[in-house]
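What follows is a set of structures to go through.
Same chain, two partners: chain A is paired with chain B first, then with chain C.
On to the complex of A and B.
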């Protein structure tokens, strides 16, 4: 039963592995952003008064981890699927004897995992060698690995929801313009979530976005203990389930009103 | 029981109407007006296994819409459709397992990769066992003569080469029904012949049921015993090519080769429609004058080297058929 989905995943994975130049360029850019972010936080911490919600060392590790995991954020719709919806080639997707949502989900997972692997690996090696990234013990590391997998599922479900919205809007540009800045802020990509004021914390907890990179990273840097890993996982998987359900329902409605453009 | 059954199929599309000018655009932001275009308006037909049907009509007549409904891609407003005993849009997955579709203006192959990579992905998506896949692939590769093309990235293939690969891709899972939506569009003469020959063999040797939509009347004449002409969302004719000719015009052509240059022929029941130095083409109505009688009269009066009777070319028939309808409603279907 799973063969078609595995095939799509692996085909996409192999295709994306070919974009090594893009990954290298992206990584260079992320690296300098990381340097800037790190130095800003170091400056802040030097002049900080009062108690710190997260230590400087943890913050610096947080910065480098988030720079490495940046491609885990679903801040763009899948260009190829978008193109298919705009051009009407989505017709061919519907000719497959497979569940369309699951097929696209498998694709999205490859879209998330491949660029992260390509960018995170060299980034973490560099940051570790420079002494900026401090690694946790095996217990935390196992918890991080599991919550990262859940983050991939969560990210894929959000990204697919954005893609499916294209059945109504035809163009993916609007949703990308709205979602991506919000996503950067709400996921902890700009400022680590623990550094936001207390009154905002419930807002973050009520949204799915901290499940993308913030929670796995906090497990990594030790801001969250191994014992809270189960709670993190439940939070991520519940959101994923809700978003998958929403995506499936929307896709069903979208297909009912589908107008295959052209031809 | 027929393999494909279509009853009273109705499909409408809503098209937003834009008002002209800046003011109109502003008004349009607040209140959208929609126009309903009826793409299919009560289409019914049925097909037995192994039939090869030519489905023709002008642009926008509803041909592609029918194919998309039959493949389970589009959901109609009303009507009943059964493909292999199932309603396609309710049982999309079971239906598409048994059908292959080629949209001539699109490709299902990966643009940047060699065709064989797409084939292997399709093998997995359709869950074709490896041994069966190899057998089908080798057969198709040989029939379509695409062996040397398989390792070339698809974007580097010519249109004719790509179409042959697309045909193979649509058949890797050995479907029992094949929908071809303008498969020869834009192809050169050689490629057209290759595609036609392939469709013929597929239908004849493997008994695959084929629905072929096309604007190329040579396709139809070469392949289809049965044609359905669709017009303004309804079926204008369902029958053989001869039925189509009879329906549009009874006219026949008499081609006469003269012994002397610039000769003339006159007959009250025939009219000259074209003239070469040594050849005249006349048209006549066989109901008004029997061909044998007309020929006898002409040969008695004139010096003739050779002559033969012909049907008007199918292109002309179709052009005449489309031309009879009002051009304004022809392109868009009827409004409600």
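On to the complex of A and C.
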């Protein structure tokens, strides 16, 4: 019974692949952004004393990786699903002989994976040729691949939770609007998480967001060793499980109080 | 009705319509506040870690940050009509504007005054006042006027960028995100002293998109610092924000060329 979900995933994947012009423009913009950030960090590191928690080379790689993976962040809810909830067309979805949460989850996974592939591939090629992005050995690379998949799951579970909240606040891009900028900060998009003061590190570790961008990237740049990959994966998957469970419960309650207007 | 009164009438309507959705306005304002606040946290953390940035202190960077973000908030609020112009091209709505006996730039400009930018504005002002208080600057009428001039020049410069983005729509509506590199990317750049960047990059933001003229140069004059990196004179630093105004005026001329190239989608 996994075939319908695979079908939804692949349909969405192929649809999103069509938006190549937008991805190219977005990539160019992201590339420029990466250049700015890289120069800022290089200037700051002139004051480095050698005891920094992450080296300049690692930070530069971190900048390019985070620019490439930016679309992993669940900073938008799926417009079509949101539209179905506000218009009441979610009723049609309920008629399907599939699990609603799983169906949406498959869609969200495609929403994450496609734009990341479109943007990251050319960006990493350019950054590698320029010598800014340094690649790890095969061991770390395998760990990165697995933890990126876990990041996709985690991201999908967060974005579905935000979507499902719309059963209560239908005007409700509200929650997304507030969470998205905070998520940028807490996931490592603004500056690499290790550069934050030490007393703030427990705050980041207590939240799920470093599992989206920061942890996979730290495995990539070698800030975390292969041996800590298992811990990273457990962290990501535990959070994913909790958030999926919360999403399913909320969806159930949301559907129970759902009133669809006829006509 | 003259152009100014018509503009005010349009803007009044825009404000009233936004106030119909009060909850949405509050949410968007908070979001807009956070969007720049996270950058402040990032910059603070970097100074906490590294102490200084090529001899610049946190409060000095705060002055750059405050000036450019206050200017951008104002430019964005007024330039929203141009920012969203691609919709009018895509759905053919621009045809209706062409039928009216008023300039197209006036009508597009008057589409919206985005109130929720008040979030970013507040955030920028907090940083600006904090920096103004912490820095060893004697605030005279001269320096205050120069700060206001820099904000005005910056707002017109960002406005000009939105006009150019809208003008691009006469040729393509697909790849507009590219302009974000200059608007948001430019703001990001101007939050730090220009002297930290590579020479080609400095030249780009001085001569092509003259953001340095509305932040770096006037800020040096306010701080009473010598420009050891680029060697600009004090007189130039004080006059530089005027280049932002010139940039907007040129953009509006480019807009006129664009309008002549307009082909309706016919839908």
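Everything below uses one rule, namely that the second predicted complex is superposed on the first by the 258 of 263 C-alpha atoms of A that agree within 3 Å, B and C clash if a C-alpha of one lies under 4 Å from a C-alpha of the other, contacts with A are read in each partner's own complex, and residues count from 1 in each chain.
Simple rule for what comes next: a contact is a pair of C-beta atoms (placed from the backbone, for glycine too) under 8 Å apart; a residue touches a chain by one contact, two chains touch by 3 or more.
Every value quoted in this text rests on a predicted model; they were computed, and no experiment measured them.
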- [ ] Examine A:196 and indicate which partner it touches, taking first as chain B and second as chain C; both and neither are also allowed.
- [x] second
Open item on the list: Contact-wise, after the overlay, does A:92 reach chain B, chain C, both or neither (first, second, both, neither)?
Closed with: first
Open item on the list: Applying the document's definition of touch, where does A:234 land relative to chain B and chain C: first, second, both, or neither?
Closed with: neither
TODO: Go through the superposed model and pick first if A:145 touches only chain B, second if only chain C, both, or neither.
DONE: neither
Task: Touch count on chain A, higher of chain B and chain C - done: C
Open item on the list: One more residue to check, A:249. First (chain B), second (chain C), both or neither?
Closed with: neither
TODO: Enumerate the residues of chain A that count as touching chain B in its complex and touching chain C in the other.
DONE: none
TODO: In the complex, go through chain C and note every residue touching chain A.
DONE: 21, 23-24, 27-28, 30-31, 34-35, 37-39, 41-42, 45-46, 48-54, 174-178, 180-181, 184-185, 188-189, 192, 196-198, 201
TODO: Over in the complex, which chain B residues touch chain A? Could you list them?
DONE: 13, 64, 68, 71-75, 92-94, 96-97, 99, 101, 103, 105-106, 108, 112-113, 117, 120-121, 124-127, 181
Open item on the list: With touch defined as at the start, can you tell me which chain A residues reach chain C in the complex?
Closed with: 21-22, 24-26, 28-29, 32-33, 35-37, 39-40, 43-48, 52, 171, 173-174, 177-178, 180-182, 184-185, 190-191, 195-197, 200
Open item on the list: Touching residues of chain A toward chain B in the complex: what are they?
Closed with: 3-4, 6-8, 11, 15, 87-89, 91-92, 94-99, 103, 255-256, 258-260, 262-263
